[in-house]
Amino acid sequence: TLPFSLISGPCQLESLEHARMLAGTLSELCAARGIPYVFKASYDKANRSSLSGKRGLGMEAGLDILAAIREEFGCPVLTDVHEPGQCARAAQAVDILQIPAFLCRQTDLLLAAGETGAVINVKKGQFLAPWDVPNIVDKIKSTGNGKILLTERGASFGYNMLVSDMRALPIMAQTGCPVIFDATHSVQLPGGLGSSTGGQREFVPPLARAAVAVGVGGVFIETHEEPARSPSDGPNMVPLAEMGALLDQLKALDDVVKA
Amino acid sequence: TLPFSLISGPCQLESLEHARMLAGTLSELCAARGIPYVFKASYDKANRSSLSGKRGLGMEAGLDILAAIREEFGCPVLTDVHEPGQCARAAQAVDILQIPAFLCRQTDLLLAAGETGAVINVKKGQFLAPWDVPNIVDKIKSTGNGKILLTERGASFGYNMLVSDMRALPIMAQTGCPVIFDATHSVQLPGGLGSSTGGQREFVPPLARAAVAVGVGGVFIETHEEPARSPSDGPNMVPLAEMGALLDQLKALDDVVKA
Amino acid sequence: TLPFSLISGPCQLESLEHARMLAGTLSELCAARGIPYVFKASYDKANRSSLSGKRGLGMEAGLDILAAIREEFGCPVLTDVHEPGQCARAAQAVDILQIPAFLCRQTDLLLAAGETGAVINVKKGQFLAPWDVPNIVDKIKSTGNGKILLTERGASFGYNMLVSDMRALPIMAQTGCPVIFDATHSVQLPGGLGSSTGGQREFVPPLARAAVAVGVGGVFIETHEEPARSPSDGPNMVPLAEMGALLDQLKALDDVVKA
Amino acid sequence: TLPFSLISGPCQLESLEHARMLAGTLSELCAARGIPYVFKASYDKANRSSLSGKRGLGMEAGLDILAAIREEFGCPVLTDVHEPGQCARAAQAVDILQIPAFLCRQTDLLLAAGETGAVINVKKGQFLAPWDVPNIVDKIKSTGNGKILLTERGASFGYNMLVSDMRALPIMAQTGCPVIFDATHSVQLPGGLGSSTGGQREFVPPLARAAVAVGVGGVFIETHEEPARSPSDGPNMVPLAEMGALLDQLKALDDVVKA
């Protein structure tokens, strides 16, 4: 029953300056509330809906920025990997390797990530039941690495929509791994905009509150100073200016639940 | 932003003594916490999975008990109606007429209930989107009765399972009607036991916490001093002995959210 | 392995002349192809999305028309009932009483329908698994009436959409009851038009073909000479002028499957 | 409106002799019925539910067998690829590269596959709407390769179950690409056996019939002379001895639909 942590940052890296601005602001917001903070950003969006969607800065440029953030702000840094061959290199620059939801059953990726010894954050696939994650945990643990986070990010519910089944949080917690609720991707409307994914930003705060009240190890919330200008996931991002008030509320709820 | 209320009682009426025991205990638990309390019980379970499921005491015997509870404990009383012809009679004995989820689009039932002038609690059908409830509200309001509660009790999610979409709560609240979260029927496993409906009692507290953290006008939780002996919905009932601790937690969460 | 039958007509009764036109045309189309024909129409649409949706001619006027159709064309006639008190009267005018999907678990309605001795066609609820229909069959059989048809009309699939699970057809057939595929209501988009239900007429022929290829006792297809003018279900109706070609194809597929 | 083709073989390669036995038998069954035949087998099962599931013979040994089958039987050969780096090598041995459903949005894999110039068979993800496949087609076509097949293999429907939405077939066909129905993986029960995926073999024939009656370019059916001994997907495989009768029926249905 640790107090909850925040994993937050932009969706994809835009520049060092942009990453520093977000990491700095979020670090301060979290420090002021006693919330452990993890910086998150992607160097490559490998599964955009459409070929025309921006993919990011690329691996080497991205990892340099992530390493610089870790150095300057002293916070753990998280990024996602997409192929087994990327894991060892990425683990040099970041503390937490994230397995994307679509890839959560790719055995070689899970093993390569586990072998780095980094913390592994697995996003549960939209197609997976919460009681099926132990098989994933076992794959990673087979490498001798037991530092595993499990993230709920919504389950397929008909077409072009996800639903957040709050029962998944205590079910996944039975593995003994900390469970994170990803409030940003849970409100995606996959494919809902034709050639890109829509989102329902207005539901990030209520779903984050719900998850914290159920009981989680942390929440994952992407943010941007101007979401409409984010190169990806803008429709489901919380504006940076609203993060402080949201964290106040989540912290207070967490205090009640873990009292 | 009223503080939240509790709607609670057995699933179906068993006897006057049993109803008095529950109403008395729940009234005290709520009074001690400053929570408005509504007694709920059914006089007839009209849609049991199987013909062999117990249906209850019948309308006249049931309404007599409900009226007696109202008289003795001074709390509002709720029961569900199943045909238009039952509404006027039931409204003599109770304060709130509940429309069962399967029947939430039956126009004649909605109109007959509305015409009594009682408060109407509509359970959203498992087959209905939350943005479709305004059509239901309009049917009732056409009778001149605007005293309407809307209850979320889960949406169909594949076969034999429901999912609680917490987004439904703020969406339904846009109607201006208070929204109730039914934590008991949301954890049903419809048909999951072959000739009866199973349930996941262990998820009642986390889902109720989630709903209160999102923000609701009240929660609906069926209870029994010995759920395994309840003639219906036992698998998803909270034992009476656990209600006090649950209410403490829900009240504290509600205070945070409505601060 | 009987050859398949057609249940068809308008959604709701409009007038005696309109019913005669449709019954006459459909009788001839079926006779020419050796397909048993059942006339279907509703005297009351009791669960329209919105209060402003047209409900129909009412019970007495409607039953008079249905009886007249049966008399003139010699075909069995089907209509749906909504309350237990309607069953005995309706069974005087028609051969088959249909239980609407939302009402498929209302015990009193099933018993009252069964007790008439008429054939009972139960539409499986959008919220029900196909392996749960035996409980419904048992309720009806308890009246001594074993003349039961079971109709698949789509299962809830996220919000505002149904999906036709073709596995449901052989699963329901294990009851020994003939299984009907309702190709009209399976392509509804419930609530999809705000205050009314949308539909995907273009998928009626492929889904009907699929069901016949799986193997069914019959198909249920609503039709209209000008679907855009139908007072209900227009968006998912097959134009009358296209019914002949569709029946040719379905008959040929049925011949292959039941060879 | 070409006559339909069969894509069939074991799930994973077991040995050259086993592959020859299946390819030989299936080639003859198809030739006797005028059905174009494609041999399918995997050299690596990269996303088994559990680490203990058998993964296969490995890439080099597997591709050697696939090339030998192509040489001996003269039929096109299909296998699935899992990382961009595998595509060029695999395309030397086979005619059709298959993109697994979980990986259908991995841009780099789609591009690498497309660039080989081989035919690409994309399995639509369980999390994807059929109207979202044009984005995938566009990614592949950007390489100048327009030889694309699209395969329906079920959509997520609650937990541990898929549903075959037959509407997906004509919707995907609007891309102009031939559409294949995978009757084997559509009846998987993902995770349904705890550490492995269950299946409903009994529904392969009815779903295959349904798809052919809707209209497809081909069906994908895995088979084994003794499914219980198959190292993967046994529960949803059709026994080899039953393939001839099934093909007779599918061919006859296809003839009706494409008449």
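Residue numbering begins at 1 within each chain, and the chains themselves are lettered A, B, C and D in the order written.
Everything below uses one rule, namely that contacts are C-beta pairs under 8 Å (C-beta built on N, C-alpha and C of every residue); 3 or more make two chains touch, one makes a residue touch a chain.
Given the structure is predicted, the values throughout are model-derived calculations rather than measurements.
Visitor: Looking only at C-beta pairs that count as contacts, which pair of chains has more of them, A-D or B-D?
Guide: When B-D is set beside A-D, the one with more contacts is A-D.
Visitor: Give me the rotation angle that lays the C-alpha atoms of chain C onto its copy chain D, rounded to the nearest 5 degrees.
Guide: Angle of rotation between the two copies: 180 degrees.
Visitor: Based on the averaged CA atom positions, which chain is farthest from chain D?
Guide: Of all chains, B has its centre farthest from that of chain D.
Visitor: Could you classify the chain A-chain B contact as same or different, where same means more than half of all interface residue numbers appear on both copies?
Guide: Mostly the same residues form this interface, as more than half of the numbers used are common to both chains.
Visitor: Which whole number of Å gives the spacing of the CA centres of chain A and chain B?
Guide: Each chain's C-alpha centroid was found; their separation is 36 Å.
Visitor: Chain A to chain D: how many Å between their CA centres?
Guide: For chain A versus chain D, the centre distance works out to 33 Å.
Visitor: Using CA atom averages as chain centres, what separation in Å is found between chain B and chain D?
Guide: Using C-alpha averages as centres, the distance is 48 Å.
Visitor: Please set out, as single numbers or ranges, the residues of chain D touching at least two other chains.
Guide: Those would be 155, 157, 159.
Visitor: Where on chain C does chain A make contact in their complex?
Guide: Checking each residue of chain C against chain A gives 157-159, 161.
Visitor: Within their complex, state which residues of chain B touch chain A.
Guide: On the chain B side, the touching residues are 155, 157, 163-167, 169-170, 187, 200, 202-203, 206-207, 209-215, 249, 252-253, 256-257, 259.
Visitor: Name, in rising order, each residue of chain D that touches chain A in their complex.
Guide: 46-51, 55, 82-85, 102-103, 105-108, 125-132, 135, 138-139, 142, 155-156, 159-160, 190-191, 195
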